[in-house]
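Chain nomenclature is as follows: A, B, C and D, assigned in order of appearance, with residue numbering initiated at 1 for each chain independently.
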């Protein structure tokens, strides 16, 4: 019962097969190949004609370089206190921007609001002496398994635009959010005012494939050079592109996410009184005592503690590869605790 | 009645005179001169034989380059949420370190404690995924005019050492704190566990002179190169050194601070019920309505609003140059408000 | 006839198969998996017990982060004027180091010597005003298809050590050099004085897999954090590790290189009077007129022009995937030119 | 006989006096003062209405931050191999830009030409793989005491514009060049196509005062934030501004430079057969044997060796403070050598 992370599971067979198919004949390096071109075309279909797409191997790099390509070293970038860019990227955004400040925003369940953003913004009123507000990064679905509604997204983007901020969405679990809201990729990004999207595939079935999608292509001008200077331009790009192309073919990305989300729902139903956050994507956060965690682990469940060292939080992540049997087993174990 | 800032007043006549005296004959550039040598010797007297001293023209650079010379780009540096390095240096520490994160610490009256530090530290438990705790920067006297006691400093430094952190003191108003505690420079730094001191003179009578004092000289190895690469190695260094030498001669630094602190005390006594923080150095923070602020200004008092845009806070800064007459006038105005 | 680049060909079937085999069951992320562990063990066998190995997806990142982890922002890093770090990495080394200077060294056929190094070193005698010599990076085999002999390597490393420089080898085509010299990985690195190796697999049969091997493990301390902060820590690391493990299994790396080198030899023999450099690895550089290039291309040969825009140079790269038939065809075409 | 450097002499009495005069009453910090405003107005008179001026304390910072404010981290900046930004700033330009590459250009007597620029430019034809040409920095007067003619400047700037490069002039000895050419500040910059000027005063009579003058003010947008983030925004700016204002008053800058240049001319005439470069500003470079250098030094002449460790070059710098007596003495000594 592996609920550690959606990066601790195998890659989808469709994606493995695509690698095999791509591994024939010559192909120019650095993205000048038919697979990359096909991914770019597919992105234009998904979002609009005016998008620029760049493939990467990691989400941390995708987030940080996307931000670095549009803000200066003296920028403030607003993000939630619990966001991955703040807590799990070892200062990648600060590094790539050359020193920009992540301005931390409050908000229940890892979600910012115009009000909490406004409160954070208030600290940057010291003219040239403050870092300069320039961008905002939100995560969809969030690090706590919740999902911003379209209205919530629109409100945040409206607030951002009224403060001249560029908007970035960390979509490491983008597919899970699309499925959760039952909406399209475009409706959840461009239509509500997102400027740049990190579109993740790695956590949802790929080996290592992320796309930075500039939804306003005029923002993309410097990105190719930043990507190259960072050593993130993969030479045999066809293998990243083939992954992403398979991911976007026959709605694999949505199918995988749908499965993962539904597994998480079933887990949530096993012990609803312990849920810390609504389960809207593929992650379930439960309050469990040390004793209960130990019991679960001795029953064979793998999962991570969450929060501070001595907290009573536990995170269970479902993925495309989670089996019904695993969910059944875990649910049974959880029900025993709840009894 | 100029209570705007201690950088909005003239330089001490003793320091101006020292510039004149230094302006004779040749002197090698870049610190290879007798004045710089004399300042270094004076610092060894004040602190210990094992110090390395470097002169600079601004406190922001002194703080940021001091930190950058001892922590890597992936560091977390703990500092108070209200600290100058966080709020007023436009991301200088992040820039010079190449992306280190300022980990913000809570605490009343701009003072951190081992408890609030420990709470902040708890967020950096994610192995390689987190920024890595490496240093701590505290301000003495603080940005809110308070002063850490020797015991408080020792407790913080003990906590820092137990977590393998290098300790930095932003002493932009170092003299004011020494006078406030009635203690020596060494007692307030080296003896309690401070590793690196930014020893400010600019706010207390100099034109532009700050010293970075490494109280463990082995930490100073890379500083000269960082200073040079940053363009902060002044070519005609004798003029910075002459300022600092005069500052440390005949206790000018302590006399100036004593005067400023006592002015602040007198202001505080004029409206004690409105004090937001204890007045322990040369700054007074008062709660005043917009109407009251306007009245004071129409009476000729110059001061800054503080805090968020719509707050009711006001800051009054006394300096070596504040006259008794200015204090008397301001006190009278304040007493009228308090009536 | 694809002689464009060794990154324009498919991946070795053995490596593809290894990916399939690895794609079963759970595996912790970020390198905490059995494949990564096995690669590390294999590197210890190849080099010595005292090595630290880190897997990456690109050679540019491997080179630049390796250097950045051991030199400060004010460093000078010596490298050949024709080296990949200088000409083809868009300033990656400068970026990751935070501003170090690549000090360009002369030398025929892309090879530095102690004399040309000494000449370059002479420009850095200005004390704190110069960038500070700290490291040296050489490429083996070189960008022009030549190979340093063991004696040449030892002489360069001796020179470097006498100047307190850390030595780095860019081994994007490491296997080709090992085969060319008929020597072991250890003999060509640790034994001659190399401190850090970028051990490439991508150009010799992998999809995307490079290893940074610290041959003195005490130099590796900060590397994991730099790699993470750069977004170069692959989450599903098993897929990179599985590639590298297959690469090092049953001497695949040497077999692939041996084939590529021997193809290059045969090409060289077709038109020896036009060779610009000795063909010691898998690259052939020929002087060809525009007319001759056009003829070759119309005959179906793919290759890159080299050098400045109007030069008469052409590069042909053989790889593990080059077929005898391709070599025969190209050789025939070349012989026609030489007639 | 101090001919070490123009930064090893005192400050002009007019400038010292200006400091005294400025040291009265309150003045807002950070450049919001009457002296700074007056300098800005004076620059508009000298150059044109469309200039933005920023005061700094060092030339290294002025050069590096000026460049960093207009080029990205992946830029190539062309400059002469002998230029101060390359040889004497410890990598400041690379640091501030976050990793831009200084592309070194050849040229006799420290002067670039369109031809040598074109040759250097040729190395940057590798698309995204190369650093991207974005700017050019030339020094006027040069590091070897020569001066570009207006035609030479225009030719370089024309070449730069045709390659979409921003042009920067390092004017550490700007006044010496103006006097040498007998031309105006505007004619030597804006009129020939210079975009950004570092206008130095420190080497020509100030204590520490440099101005970055954007001759196309639209390029200045980000500079104030970079300056602040770098810790180069002086808090008590009036003291820098007062220096610069005195420097520009009653043509002090030109008078000082005229004196220095004419001293250099007289020195040159003492031993013309040993001149390495034409003496067009305030520096004289002579070929002297070790024996001859020793003789001069025993006669009381102070000067620096130049070039590599074992070269036979010597540099003599005249300044505003050089006395006729010093020149007479040195000339006599030199004539003895030439006999």
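Heads up, the rule we're going with is that contacts are C-beta pairs under 8 Å (C-beta built on N, C-alpha and C of every residue); 3 or more make two chains touch, one makes a residue touch a chain.
Remember, predicted model here, so these are calculated numbers, not experimental data.
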item: Identity of the chain that, by mean CA position, is farthest from chain A; value: D
item: Chain pair with the higher count of C-beta pairs in contact (A-B, B-D); value: B-D
item: Separation of mean Cα positions, chain D and chain A [Å, integer]; value: 50
item: Whole-Å separation of chain centres (CA-atom averages), chain B against chain D; value: 34
item: Centroid spacing, where centroids are CA-atom means, of chain A and chain B in whole angstrom; value: 41
item: Shared-contact residues (touching 2 or more other chains) in chain C; value: 73-74, 89-92, 95-96, 98-99, 128-129, 132, 225, 228-229, 233
item: Residue ranges of chain B in contact with chain A within the complex; value: 73-76, 87-92, 94-102, 104, 122-123, 125-126, 128-132, 308-309
item: Of all residues in chain C, those that touch chain B in their complex; value: 30, 72-74, 98-99, 128-129, 132, 222, 224-226, 228-229, 233
item: Contact footprint of chain A on chain C as seen in their complex; value: 2, 4-5, 7-11, 16, 19-20, 23-29, 56-65, 89-92, 95-96, 202-203, 207-208, 225, 228-236, 239-240, 302
